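The structures come next, written out as structure tokens.
In the two complexes that follow, subunit A is the common piece, with subunit B as its partner first and subunit C second.
On to the complex of A and B.
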């Protein structure tokens, strides 16, 4: 019974905060809603028996990515004085809404009607498949090459970000 | 027919799908490019939730590994995307996507 309550709390937090990100006109409030959505998804990871993934989610997203977003929004000092935050267009607006509705219907039909054919065994709560030890064993054997490539990516990405956003002029102005 | 009083895989997948649709709506409907990047993060989170859910219910550790990779790549993508946004804002003094849709200089 308790797991049902916990699931609905975290699912409600996630979905309400996600709706807040999309529909609130002020970008600063959107960023703060995004923090709540990340924390809700992290709680869902905890209920799925993956506490390490949940902690990484909180550390990387709420700790690093969201702070980056928040700083960018704040240094831009965006004004939202009553302007419409949504795009509009005579035809394209309805086309976008149509695409969103199509995707919603597709997912709902898959979830409600088609998934009964699959056999998912109810997971054994004692099975330690998401223990950090098991994660590390698989990650540093089967996924070793992917891990190295990810390290290379994380080396290249900051260089690219600095090269893109550097200030021309400064102490080296010509 | 399973009883509705326990949490099944479809519950998690419903949350994941609803969050993905919300992110898609944000990408398509919002004007502010920073909010569009945030909606992309929402969609990545929905996919992560689906990965971990399937990994849990299939007793497979690969779902969590892929989720770790997706989180790292999402952080990198946010860094580059925000650098691009800063550059665009310096050129156009605007974050509304209507003002730089032609991508000239």
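On to the complex of A and C.
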């Protein structure tokens, strides 16, 4: 019972914050909503019995990635107060509405067909597959290739950023 | 919280006591900081109110309470008021997850209950403390943006850049000690550090009787890196660029006064206490007394009293590191911003990486050092 209450609290926080990210016209406030969404998702991981992933979620996303987002948004000081978060182009207007409709329909249909006989189950919080040791074992044996590819992808990002900053002018232009 | 009423009561008292311990240490630390800085700089410091100026803190508290409540017109109300509260939360949450002493047992109503000397225990406690402390940057960002002041904003931006840069070195310097003890749990780490220094060197067990089995002997470089990075994480001198008073008035808390300012102070000292407690737990054996632990356990009448004595040992180590924070602040001049970034990215990060790799190789070669 307590599990369900906690689940709905965190799910509510995540959804409300995610909506705030999309709908708020001010980018700084938008990014702060993203932090709340991340903390909510991390709480969901805790209720699912995966505290390590929940903590890493906070450490990596809320603690580092979004601080960088916020840093950039604050430096640019985008003057968007009073603007609509959505822009209405001639063609893109309809395309956006179409995609929103498709996505909502997809989610709703999934929920409607699955909700019959759905029971909230909280997994065993001490399940061995969520232990750090076992997670690491799986990551460095079964998923070794994917792990290395992700590392390579992350290496490409800084190289790309440096290359772009040297081409487009700025303090490091050649 | 606990299965029975007795457990719930004891756990609630424990949580309150640990939170109050953190908050109540702040005025004493402020006094130590002011008297210590005066001592270092050959001044007197606050020595008029009460013996040694100790009741200066009470006078300060009254002053903080009766300051005029003020909000700059250009500020964002929610963020301006949320920032001081947010400054308090990470320190309090992180401090509560650190074991402050040996676990103890209490007898009640014919039953024996086991308690831990910490507010709550998490399986991966170290990751939790790091994750929660990393949220501390948001208080500064809220303050900087919410104040509607360019000096505040500059301070906040500096703080966020600095915290991200040094978090890498901080996390990496810890990997070495995590590999050696092979655990994410504080209590397992503390129990692994008890007894005299002993390890296996190429298959031969070595015991050095006159040294304790503390982490600093396995990870001296890791200790130095972690120690330096904590100064940057707590925004203390020589890394206090977010509030560099010569350039930014007072940085992110330029627009704050009275009780709100005090909450930022409690947050900063809370961070310092967490950092000191982590240094103690990782590198100086936690609540372990190097010699005489066994004797004390036998001699003291109950495990609760033993626990309290060990808590004093732990707090002694923590207070020493808190004094080091004060000592360094009033001794070392502030870094320049580019020096700060160079030190973080070009010196500490590569050295921390090298330390990690070297430790990994040694752990594999020697096969479980220190266990």
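Please note the rule applied: the second predicted complex is superposed on the first by the 145 of 174 C-alpha atoms of A that agree within 3 Å, B and C clash if a C-alpha of one lies under 4 Å from a C-alpha of the other, contacts with A are read in each partner's own complex, and residues count from 1 in each chain.
The definition used in the following text is that contacts are C-beta pairs under 8 Å (C-beta built on N, C-alpha and C of every residue); 3 or more make two chains touch, one makes a residue touch a chain.
Remember, it's a predicted structure, so these values are computed and weren't measured experimentally.
Novice: After the subunit A overlay, clash or fit between subunit B and subunit C?
Specialist: Taken together on subunit A, subunit C would fit alongside subunit B, as the superposition shows.
Novice: Answer with first, second, both or neither: which of subunit B and subunit C does A:146 touch in the superposed model?
Specialist: first
Novice: After lining up the shared chain so the two structures overlap, which partner does A:19 touch, if you call subunit B first and subunit C second: first, second, both or neither?
Specialist: The answer is first: A:19 touches subunit B but not subunit C.
Novice: Tell me which partner A:36 touches in the superposition: subunit B (first), subunit C (second), both or neither.
Specialist: It touches nothing on subunit B or subunit C.
Novice: Give one of first, second, both or neither to describe whether A:56 is in contact with subunit B, with subunit C, with both, or with none.
Specialist: both
Novice: Using the superposition on chain A described above, determine whether A:165 touches subunit B (first), subunit C (second), both, or neither.
Specialist: In the superposition, A:165 touches subunit B alone.
Novice: For A:74, is the partner it touches subunit B (first), subunit C (second), both, or none of the two (neither)?
Specialist: second
Novice: Going by the touch definition up top, name the partner, subunit B or subunit C, that contacts more of subunit A.
Specialist: Residues of subunit A touched, subunit B against subunit C: more for B.
Novice: Does the superposition put A:64 against subunit B (first), subunit C (second), both, or neither?
Specialist: After superposition on chain A, A:64 lies in contact with both partners, subunit B and subunit C.
Novice: Once the two complexes are aligned on their shared chain, state how close subunit B comes to subunit C by Cα atoms, in whole Å.
Specialist: So the smallest C-alpha to C-alpha spacing between these two chains is 13 Å.
Novice: Intersection of subunit A residues contacting subunit B with those contacting subunit C?
Specialist: On subunit A, the residues that contact subunit B in one structure and subunit C in the other are 52, 56, 64, 68.
Novice: Touching subunit A in the complex: which residues of subunit C?
Specialist: Touch list, subunit C to subunit A: 122-124, 127-128, 130-132, 134-135, 137-138, 141-142, 144-145, 153, 156-157, 160-161, 163-164, 167, 184.
Novice: Which stretch or stretches of subunit A touch subunit C in the complex?
Specialist: Touch residues, subunit A against subunit C: 28, 32, 35, 51-52, 55-56, 58-59, 62-64, 67-68, 70-71, 74-75, 131-132.
Novice: Considering the complex alone, what residue numbers of subunit B touch subunit A?
Specialist: 5-7, 9-15, 17-26, 28-32, 34-35, 37-39, 41-42, 45, 48-49, 52-53, 55-62, 64-65, 67-69, 71-76, 78-80, 82-87, 89, 95, 97-98
Novice: If you look only at subunit A, which of its residues touch subunit B in the complex?
Specialist: My answer: residues 3-4, 7, 11, 14-15, 18-19, 21-22, 27, 30-31, 34, 37-38, 41, 44-45, 47-50, 52-53, 56-57, 60-61, 64-65, 68-69, 72-73, 76, 78, 84-87, 96, 99-100, 103-104, 107-108, 111-112, 115, 120-121, 123-124, 127, 129-130, 134-135, 138-139, 143, 146, 150, 153-154, 157-158, 160-162, 164-165.
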